[in-house]
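Got a structure for you, questions after.
Each chain carries a letter (A, B, C, D and E) given by its place in the written order, and its residues are counted from 1.
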């Protein structure tokens, strides 16, 4: 329906993508320490380090390196990981779905938690129910992710044995089961953010005249809630979710570490610490495209949900 | 098509004309899809003002009426240079003002002030009344610093507010009082012309009367020229010496108040007057005064803009835009009043 | 023993690259011996070598030829025969100078001849370290045919391809590998070694490595029974896990020594004067370091005082070495004799995020404050730290070492011999050590070699180029039903003899 | 001239006392600030001194919050941590707030190409993985709080820019801003004196959320070893350090965790309170 | 029946359709409880068009909503609203839902905010049809189109799938009326349905209401502050001030001779037809503070006729003439609006 709009937005991603490409290329090379040092460790002699750098093409002048990088990129080649010695593309294709699964799962859990609770808090605003909901999420928002993760793991995983401790699982069901706790961790965090905003959005919707009008029309409370309140509250949820999902993808690092999930977050950290230039570059570019696409999708979804939006 | 390009009749620019508007046109770009632009479709525009001619006489109150969206505010804002006109000219005391910049513009604005419609948003919610007035007086050095406080009290008295009002924030005032503050702010610059855009529309009738009285008094006292933009025909009739009726960005009729209200010429004016409910119960006519809705300003009908709703429209109305021509007691832009006869000289 | 079953073992990080020659990381080295076999093998106590693929080996009396006899009927995991030609090819590949850091361990080999079951190594000079070198991962025997058949233009590319699906003659063979997640090794049915029951090892059907970077999670998973073993238990939790009735908390002896490397040069990279160039200062710092307290605070009582630069598990370790017993008076006296008697500031590079480094250095800050030395901690990520250190741009840095070869020569070349990497970049140089080391490298008499090494250790201790700290074991927690697993002092995880109670 | 003296007195000036939320928030903040300013007076022990005799002791009268693995007093560390964490809250947000808000005001007011350029840069910042940037900056400049501030600032301004820009764009259409133009005020006066004070509220409210996010980020970076450096008693790092002792010595991470929560609640209460208090009464 | 529909001929006798007794609404606010509607009582006859006027904040909207018990806690509504033999203020929720929208419909001033922006106009009409008429699917669509047609929206079938923002102001108001009419209510409560519109559109909408009233036999309560609208449209007027009814009267009577000082003040403050540019006669002062109970007539502080007789108890709304009730102590002293005060 909005083909031209989508095209335009996709075109807009290109300059951003180029800028990201250049930026990350320079940034990784600005980092002190080089891949050879990082992979060879303390013991390597100078000759070995130099030889390794030569093999990796890192002895070339920067512009040449960049041109090679750009040329390979155009042919869809992100290069090979320096430490893992496999194509970066393959690593990303292997790991990204895990992170995406986790992110979407977390977003779903987050919304499933936030939306009803935000509605409840809004409907019962300024009562103890409201207070408890806001309080609990406030606490969730004030604690570091790894702490929450560990507590969930200890309680629901180790103590009660309801969920496996870490891992990714096999098949869709397995993923759902294994990733529940990490998704819950991230979801709680997201929900905490969502509840705050959604509650006021719902309060606003609840006091909107069209809700009053719906009541005056004699609609059932359930219909009012689902058709009138939720549909409108969903609009702000989507926007908020879009803004947060980028952070969610990027913020999965700690969760992935704690829960031993082989996603891109962990890969990224290892790559940065290991100065694995091609991996950092590849992941950064993927991330940039992904986040841009998420934003685009959010906007499209927003437009779908809210007929008033004009995409331009 | 442009049958009308002749110059304005000279008698219009009489000696006591203080503001002369001619051929004023103002458009706003409308959003357009990329595809449409790529296809080279002409950019759509909102035709807010089209070839507006109007003269304001010194000391008079000129009422401007018309339906929502007909360009009243745009006209007012263009006159105070909040908007830059696309074309046309505005002369103040004979001097062109559409291109003024910097200090000259500020000087012009000192003489031509505007009061805004919304008593709630036209005042900075974080500044006390005193601060508001102090700022205006200070920026324009209207008084030496020592006399500023005295002048503030004077202005407050002028608009009928107690002196303590200076220390209060806008939210502590009622709507009517806020409009007084807005008036005081404009008067601080001792302007010659006051443009009141829907000054009392947001107020209750009982309060409207207070503000209207104030306006009358001030005009008397300070010899102000007032452009009174309003919806409310009853008020306009009460206040104005002359009235201009606008429709879709054009002035369709200008006339003395008495003439306009007793013998409206333009079918639109007639309809408007008929639609306004009078205080006499049971005087409603059987048929609606004007049917249909205002056409979109993005797509103004050809010829006479009113022809789509006009009960008396005929062939010529669709092809030729009627010029604003003098008639007894005013001017009207309608082919029915063409001195050459309604059929004019136009291709059938 | 019971046969069969899968052992699930939690590792803190995944392997990177499964080529025996071209890899560099302990992550690879420590499990490679499960996939590839070597002609000789280190013994489990790490002190000697035992026969591996070669059932016998003999050196000529001049020490310039070594003859190895392969066991009959050796096979690679795909069932193809392992021949002397494979051995020659593998060792040739491993010893070519381009073959990475490890090639030097085979540098004494001049040429290799293979015929029938016999492999003959012609040496340039006598080499007492050669048996140990042949028991080291880089000397693993690979199938020449399969490797050369792997896609790729050159050795490096072929190695990449082959390492994806490596075939060796070790007890296990790679079955599945999901990078960063898990790796499954399955039993190699053609493995030559026999178990206690007289049948071929290994007992296990398979080993599954799960990658669990977070220490807590790894332990939780073990306690929940999702793992049967977990490596790198934080030392802080050893005592707690020892009390867990379901677990065996193992502390395998290791060759790991932790020390602080000092820059011994008179000036630092930035041109400033370096107090650490004064040997008395270095000794004073060593005496001012309360190792017992550190062992309590940092290793939670699991470590032991380091008395030589090499670990007590290293062959030819001199049991008479005293190291630097904590002696504040002596430290003060030594420092008092220098121009730094009123103390000085010294900065140390630590690895950011390393809990151990931080515990260690914060404790040392306090200890050295007693002699007026102000320790400034500079936290750097590992790569930066390495780069700085390699450029000799540091004053002190934390560091740990484990041997890869069952011979003292490895640590000595790095720690004590200037020519390799400037004595781990401390800049320490002793002509006597250099000479002794050179002699020891050709000394075939173990007794004589031992005395050369005794001398080396003493000289090193007197010069104190490093701060001696402690030795620590490998902490591995196993479920009670796991038997026969061992991590040898070199770090290699030996699953061949592991079995699970039913 | 007859002044209309019959004008009614203005509606009784409604005194606006701060809402309880704001009051409680400010009180808590005062407590935190006192702890940050005078830790030595409040803390029973040194935050960094080891006590090998008292390693990993549970809460006692001598150590109400217990001791950590170096025998350091957790209570004292929590108290000393206040300064660090308030500093983190402040320094991770100060530059983004000031810079983002001003830039937002400028581009929202003047728009056109500057707005487009900044918009592109903001896009770039948003799609660039934050962690790469942080780690890169920290790696170049070394870990520690200062460099974390730099990293966060490089990214953090975008939110403020967005918020303020949007608000300025809508405020500049408000009649009071238009009135300023008709009254002959200079654009800078209109922007700084009239629009900005009215447009800055969302940014201020967000500032409060951002402060607790800043502290949390510090904790996360601490987990990766990039945050506050020991022996600095920073709450997040204390929680991270204590995680290995969760089973045996819960107090090490629990008390700093509570402190984090307290700070989070404080900022959020102030944020909610400010949102209410700063809303201009129409 | 038709007699009732004759303009200005609404019967003052007969059984009222809607009967309100002592309606009170209290709104708690941080600065005290607003007593926004205070003891309002009135009857609405079948087919009658009752205008409610009064200045902003006088409680017109609050009253209207209270009739349908739309106020939610903590707002308190008390009194009685009798409709069809039931007291709507005590009726159970289900019964109330049947009346709300089914028997009594409500429309608002701002159609843009009263229409749900994310539902099409069609959906919002059919929603009502399903709830109250049990119509679904095609039948509901047909009926919805009919309703839009009835309110004078061109090509109604096509417009069903439009969203409210795609309508112009006048069309939205029509759409809202169509929604309200979907259930064929007996009573239409209209809260300033034309205030936001241009006079020309206002004219059209008011005509529409009048037409529907006579075609469908509805009774209408029309809240407005435009006295002209009242004059042109209503049969009877109720004047509100400070939450109370000050006067009720047949429309012609009121304009001829108001019997409450406030009604008089309202009429006087409007510009007369005769003199131009002379000072108007405003009601001095501002609206009362609903948080404090007035010590007498709420209008007393602003009243030109006020004296001590107005103080004490609040004057009740009592019959002062046939068909006319007033709460003014000085009802018989008041001059006609045209005369000079």
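In the analysis below, a residue touches a chain if its C-beta (ideal position, glycine included) is under 8 Å from a C-beta of that chain, and two chains touch if they have at least 3 such contacts.
Keep in mind that this is a model prediction, so the values were computed, not measured.
K.L.:
When every step has to jump to a touching chain, what is the lowest number of steps that links subunit A to subunit E?
P.N.:
Contact-graph shortest path, subunit A to subunit E, evaluates to 1.
K.L.:
By the contact definition above, name the pair with the higher C-beta contact count: A-C or B-D.
P.N.:
By the number of C-beta pairs in contact, the winner is A-C.
K.L.:
With chain centres defined as C-alpha means, what is the inter-centre distance between subunit D and subunit E in Å?
P.N.:
50
K.L.:
Can you compute the centre-to-centre distance for subunit B and subunit C, using the mean CA position of each chain? Integer Å is fine.
P.N.:
90
K.L.:
How far is the middle of subunit C from the middle of subunit D, if each middle is the mean of its Cα atoms, in Å?
P.N.:
Once rounded, the distance between the two centres reads 47 Å.
K.L.:
Hey, what residues on subunit D touch two or more of the other chains?
P.N.:
In subunit D, residues 6-8, 11, 14, 135, 139, 224, 243, 246-247 touch at least two other chains, as defined above.
K.L.:
Spell out, as numbers or ranges, the residues of subunit A touching 2 or more other chains.
P.N.:
31-33, 150, 154, 273
K.L.:
Could you list which residues of subunit C touch at least two other chains?
P.N.:
216, 381, 383-384
K.L.:
For a test of understanding, state which residues of subunit E touch subunit B in their complex under the given definition.
P.N.:
These residues of subunit E touch subunit B: 7-8, 55-56, 168-171, 198-204, 206-207, 225-229, 231-233, 251-252, 255, 265-267, 269-272, 276-284, 286-287.
K.L.:
Taking the complex as given, what residues does subunit A use to touch subunit D?
P.N.:
Within the complex, subunit A touches subunit D at residues 15-16, 19-20, 23-24, 27-28, 30-33, 138-139, 141-147, 150, 154, 196, 246-247, 250-251, 253-254, 265, 268-269, 272-273, 280, 283-284, 287-289, 291-292, 295.
K.L.:
Spell out the residues on subunit A that touch subunit C in their complex, using ranges where they run on.
P.N.:
31-34, 37-46, 48-49, 51, 55, 80, 83-86, 91, 94-95, 150, 153-154, 157-158, 161, 164-168, 257-260, 262, 266-267, 270, 273-275
K.L.:
Applying the document's contact rule, which stretches of subunit B touch subunit D when the two form their complex?
P.N.:
These residues of subunit B touch subunit D: 77, 80-82, 105-106, 109-110, 113-114, 116-118, 120-127, 135-136, 139-140, 157-162, 165, 168-174, 177, 180, 182, 185-186, 189, 210, 213-214, 217, 221.
K.L.:
In the complex of these two chains, what residues of subunit D are touching subunit B?
P.N.:
Those in contact with subunit B are residues 1-11, 13-14, 174-176, 178-179, 181-185, 189, 193-194, 197-198, 280-282.
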